[in-house]
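Shared chain: chain A. Partners: chain B in the first complex, chain C in the second.
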Partner chain A sequence: MEFANSFYFTAPEVGLTVSGLILLLVAAFVGQKTTRLITILAVAALFGAAAFTGNLLTNSAFELGADAWGGLYRMDAFGSFAKILIYLATIGCLIVTPKFFEQTAEYRAEYPILMLFGAVGMGMMVSASDLMTLYIGLELSSLSSYVLASFIRSDMRSAEAGLKYFVLGALASGILLYGMSLIYGFTGSTSYIGIRTALEGGVSAGSMFGIVFLLAGLAFKISAVPFHMWTPDVYEGAPTPVTAFFSTAPKVAAIAMTMRMALDPFGGQIEIWQQIVIFAALASIIVGALGAIGQENLKRLLAYSSINNVGFILIGLAAGTEQSASAMLVYLAIYVAMSLGSFVALLMLRDNDGNQLETFADISGLSVTRPALAWCLLALMFSLAGIPPLLGFWGKFVVFQAAVEADMILLAAIGIAASVIGAFYYIKFIKVMFFDKPADVVVAEKSSARWVVLGLCVLFISPLGYLATLKLGEFADRAASALFFII
Partner chain B sequence: MIQTFAFYLFAFFVIASGVFTITSRNPVHSVLWLILAFFNAAGLMVLVGAEFIAMLLVIVYVGAVAVLFLFVVMMLDIDFAELRGGFIKNFPLGLAIALVLLAELVLGIGAYRAGSLQLGVADGTSAGLAGESNTANIGVLLYSDYIFLFEAAGIILLVAMIGAIVLTYRERPDGARGHQNITKQNMRRPEDATIMTRPEIGKGVEL
Partner chain C sequence: MDGFPILTVMLAVPLVAAIACLFLDAVSARWTALGATLINLGLGIVLWLGYDIGGAQWQFIERAELFAGFSYALGIDGIALMLIVLSVFLMPICILASWEAIQKRVGEYMAAFLLMELLMIGVFAAQDMFLFYIFFEAGLIPMYLIIGIWGGDNRIYASYKFFLYTLLGSVLMLIAMLWMVNQAGTTDIPTLMNYDFPPAAQTWLWLAFFASFAVKMPMWPVHTWLPDAHVQAPTAGSVILAGVLLKMGGYGFIRFSLPMFPEASAQFVWLILGLSMVAVVVTSLIALVQHDMKKLIAYSSVAHMAIVTAGLFAFNVQGLEGAMIMMLSHGLVSGALFLCVGIIYDQLHTREIDRYGGLAINMPKYALFFLLFTMASIGLPGTSGFVAEFLSLAGVYEVSSTATFVLTTGIILGAGYMLYLYRRVAFGEQKNADAAAMKDLSVREWLMLGPIAAAVLWMGIYPESFLAPMRADIAALDARISRAAPQGDAKLVAGEPREGIANEMPETEHNAEGAH
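Take a look at the complex of A and B:
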């Protein structure tokens, strides 16, 4: 019975793994001409997983969550919420991909399959209730990401991005593992509950070292300052659809895993990790805002923007309350829509020969030549800057509100000040598109799939999105309370 | 007594062969010293009662990793003299870093000896498994309690394999080269491939 239940609770992972294996066999036997079909089937599998997870989230029988595989894996509202975001983001990235590779003719069936396995790993990360599950999930998703980053073999920048990501990612994994082994050594357990119980009477010096190493490794995975160096290079070098993927699904997974790690096993030791998180949050916000200013490459700019956004999310973690956890989840959902939308819009910037355009000079005067695209980008940039009628404002608002209510007014104030600095380059984006002389190099985008993804993202962040915040807030509250349920 | 002796023996050889790994001029000798270091480290593992890890060390590191190193070192045409040329150039920087590390070690050990760092205190201990040898215990746990993780680790290896193929495999334009056509090979008869000749004495074979 326990075995059957375990299968039921991990069905999204098991299902995605099985479909990945089957699609791999199809690709091996039928050849590369099925790539398009495999992409569609992979999207269908992800839809199925998302629907199943949605059922777990809304089913009142599972409101309290449950353990699977003898406590290695925890099915609860928090994991389900994060997983739905991950699956939807992966679907969005997969849909917009095939067109990108038409020009290079390097689109192969392994691409959607690696994304499927990456999604499996990410699902394990956010549902892990044991350090070992967490690590294996993390490696599964990272390994897929490394390969995806260097997917265009003929492109030097893509290969370089993959190599950089791999080397630095391996280093971060090493740091994380070292922290885990210290924690295991000093608490005698790898399960979150066991660690929590062991640390109830206070934290020894060894465990404290372990927590610091763990946080350093996790900070790398969410690209928080001072472990952010790889982000601009990898985002710039990786193929644009892959960059869109990196800035959405794995980011959600890494942040959700950090939240669970900080608030579950170390939830009683807030005073130990709080100052580290506060530092990482402030440093990310400031470096993200300042670093983006001089960038000419749009992908690099969005990489800094993503560092900046991670800082805002970490403000919620620093507060460490149930309300702030819920605010983080709301922010994450909005961020995914903004980030995915921005990168899909970047994907649409192509010249006559089908080359991707990535610099400010290319989008100059876009509002005259391609008004629809320019207006979508306008909405996305204003939303990223947090200008009120758009939903990006709401995300920042709930996070700052949670911080203020947790008596971290100074942190919120610095965050707001830095977000004003950040507004500079978002507005520069708009200024170049609307007020500069038209460069007229961008050709019209014909792919309706891309317009659908972009349209949905823009619709979600538009003022209409506030209609969805009620439901979103309700699910985020439920997820946050699941995270704090164990206490 | 015999254990203490064995410990110092293994520990001495680990350190000594480690030093020789770094200092030997010939890279092949370096790898051979490394193998010796692995063997002695395995001996140390046996002494602390972790016989499974000791065997893994021998099988995985000596059997696979070190041999792979050896192949790579022998097959790649690396000019090691040139690599070593950088040693002199970077020596001052390396020395400075080494000194900083040494100072930190001294400070750290000093703090520990002064009693301000309680590194010997644990928050809890694991229950541990009694009875069987740890090889048997790992075997039992791996395929029961941890089956989920075991299978997931298998998927990681699969992804690594897919990744290696994606990044290196190149489709040949003519489709024939690089692919083995087994049917064609089996269809081939001796008379297609060989000819019998009976050359005259003093004359060669003409084809």
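Take a look at the complex of A and C:
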């Protein structure tokens, strides 16, 4: 029974792994003819996993969550919420990809399969309740990401991005692993509950070192300042659909993993990591905003924008309350839509020869030549800047509300004032598209799949999205309370 | 009227029309926008007629729990009513002003204006603090586009400055709002208006709100975005900016700062009075030396708004009523002045004062309207400006005669720069052949200026129509803040009431004869 339950609770991961393996065999034996079919099947598998996870989230029988595989894995609303976001983001990225490689015919069946394995790893990251599971999940998703970053073999930039990501990622994993070993050494346990119990009496210098190393490794994964340097290079070099993927699904996974890590095993020692998180949050907001100002390349700019957004999410973590955890999840959901939408819009910027355009000069006067695309980008940019009535405002709103309620008014005030710096480059986007002379290089996008993804994202972040805030808030609250249930 | 959600309809009409305009060609977009704004004007009049003077403080209440964290709550009192009426009154005029001046991307332009109307009504009608904030802040988006796409040569700089200045001001207000809601446990504005925050906290909250409203107002020294924005914006953009957007700052003070933080407001009276005094004198002097007509009127707006802030923080009924009338009057008058500039700008494409001269010769009708609005701006009795200035300054006098003295010099300086402007534009010799060849008002321009002129005179001769709906609300506000009212230096003493009425004629023989 125990065994069957464990299988049931981990069904999304198990299912995705099995589908990934079967598809891999199909690709290996049948060859590249099946690429399209494999992509469709991968999307179907992810849909299935999302639907199953949705059931786990909404079914009242599983409200309290449960442990699987002897406490290595935890099924609860928090993990389910994050996993649904991850799966949906992955689906979105997969749908818009094939057209990108059409020109070079470099799209191969490995791509969707790597995405699937990445999704499995990310699911494990957010559900892990043991350092070992966590590390395995993290590496599974990271290794897929490294390969995806260098997927265009003929492009030097892509190869460089992959290598850079790999070297720095491996370094971060090393730091993380070292932190884990310290924690294990000083607490005698790798399970979250064991660590928490062991730390209850007080934190020794060794475990404190462990916590700091763990946080440093996690900060790299979520690209928080001061471990953000890889982000612009990797985002710029990787193929754009892969960048879209990086900025959404792995980000959700890494942030959710950080939340669980900070609030479960180290939830009793908030004062130890709180100042680190506050620093990382404010530094990310400010560096993310200032770094973006001089950028000409849109992908680099969005990379800084994602650093900036991570800063806002970390403000929620710094507050460390159940309400702030819920706010972070709401922010994550909105962030995924904004980020995915922005990158899909970037994907649509192609010239006559099918080359991908990615600088400000190319989108000059886009509102005259491609009004629909320009208006979508306008909504996305104002939303990223947090200007109401777009939904991006709501994300910032709930996070700052949680910070104010946790009595961190100064943090909230500095954070929100720094958001004005960020607004500068978002409105530059609008300025170039709407105020400048048309460059007229972008050709019309015909792929309806891309329009659907973009349309859904824009619809969600439009003022209509506020109608979803009640439901979204309810799920996020449930997820946050699951996170605090262990205590 | 019961049950008909008139405020929601007033929000929905421009929204629907705005979306339609995006997909229409230039001509139909113009007519759609005009139609929608006229419908809203009609609804605004219905609203005014249906408003029960002396009835409940909040009327036309609508409420729906649609969102997490805040609710869709609308409702108006007399103050909001007058500002909504002002907005819907100016909107069709703005559309008319853009009829020929805007030739590129007309659909988008009209859509931006209609969205602006929606947001302005929303700001004044919102009864939920966060709903107010959303409407208040969202106005940045259409205004940024209006200045940036259809503005003058230096429009990019002006649009950035407008956007970032006002955004920085209002984000701090958001933090203050979050704190207040956390403290009071409600987002309902009427409830919060009667909630007593601890005085120590009030100081900080007041400053956070001040940061936003002072920029929006705009008060000296954070007014510098306004001349840039005005000069670069298209005519109708300037009208909306001066006519309604600046009023959001004053509305904010009267709706939030004063009733929610009376103690802090009293504490900062001298900050406000000091800034107002500096603003009146300094910006009036700056206006005197301007060569650009729009800039001159923009600086005069700052000076007039300073009288509004001084009146608001006089803590008495006259000051508050004067400030409200000043906002309405300034909305009409400065809007009309910008229209006057726009009319000649459309023909000669320059705002340089020296390029004009002697317009009274070839454009007599125009010169007449321009004169009326110039006089109203100065505050000539019989126009709305006089009522506004008199009431505000009478209110301020009870607090400080020094401040009143300085503020009054502003009126003299105002007469100086406005008359100087008028002399240079309308009188004198006709220096330039092209200026001398300009045509007088067209029917469309009559339709723009005529209603404003009528309203200015109406407000100047019978201000009771406008004061009546606000009376109870201002009395309530005065009662709320009187506990913190600063000690005035006027030391007014109520005298012995005389017997009989003051203008009673003595019973003389001659008089008795006349009675036959």
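Here is the rule we go by: the second predicted complex is superposed on the first by the 487 of 487 C-alpha atoms of A that agree within 3 Å, B and C clash if a C-alpha of one lies under 4 Å from a C-alpha of the other, contacts with A are read in each partner's own complex, and residues count from 1 in each chain.
Methods note: contacts are C-beta pairs under 8 Å (C-beta built on N, C-alpha and C of every residue); 3 or more make two chains touch, one makes a residue touch a chain.
Keep in mind the model is a prediction, meaning the values are calculated, not measured.
Trainee: Where does A:Met208 make contact in the superposed view: on chain B (first), on chain C (second), on both, or on neither?
Mentor: Once the two structures are laid over each other on A, A:Met208 reaches no partner at all.
Trainee: Determine, under the contact definition given at the top, whether A:Lys431 touches first (chain B), second (chain C), both, or neither.
Mentor: It touches chain C, and chain B stays clear.
Trainee: Looking at A:Val398, would you say it contacts chain B, chain C, both, or neither? Reply first, second, both or neither.
Mentor: In the superposed model, A:Val398 contacts chain C only, not chain B.
Trainee: Please tell me which partner, chain B or chain C, touches more residues of chain A.
Mentor: Answer, by number of touched residues of chain A: B.
Trainee: Which holds for A:Phe382: it touches chain B only (first), chain C only (second), both, or neither?
Mentor: Touch partner of A:Phe382: chain C, not chain B.
Trainee: Contacts for A:Ser419 in the overlay, against chain B (first) and chain C (second): which applies, first, second, both or neither?
Mentor: Once the two structures are laid over each other on A, A:Ser419 reaches chain C alone.
Trainee: When the two structures are overlaid on chain A, which partner does A:Leu472 contact: first (chain B), second (chain C), both, or neither?
Mentor: second
Trainee: Quick one: classify A:Ile409 as touching chain B (first), chain C (second), both or neither.
Mentor: Touch status of A:Ile409: second partner only.
Trainee: Can you list the residues of chain A that meet both chain B and chain C?
Mentor: none
Trainee: What residues on chain C touch chain A, complex-wise?
Mentor: Touching chain A: residues 66-69, 105, 108, 130, 133-135, 137-138, 140-141, 144-145, 148-149, 155-156, 159-160, 163-164, 167-168, 171-172, 174-175, 178-179, 181-182 of chain C.
Trainee: Would you mind writing out the residues of chain A in touch with chain C in their complex?
Mentor: Of all residues in chain A, those touching chain C are 367-368, 382, 387-389, 393, 397-398, 400-401, 404-405, 409, 412-413, 416-417, 419-420, 423-424, 427, 430-431, 434-435, 466-467, 469-470, 472-474.
Trainee: Can you tell me which positions in chain B touch chain A when the two form their complex?
Mentor: Chain B residues touching chain A: 117-119, 121-127, 145-149, 152-153, 155-156, 158-160, 162-163, 165-167, 171.
Trainee: Which residues of chain A touch chain B in their complex?
Mentor: Against chain B, chain A makes touches at 6, 10, 17, 24, 32, 68-70, 72-73, 108, 110, 113-114, 117, 120, 124, 132-133, 136-137, 139-140, 143-144, 146-147, 150-151, 153, 162, 184-189, 194, 197-199, 201-207.
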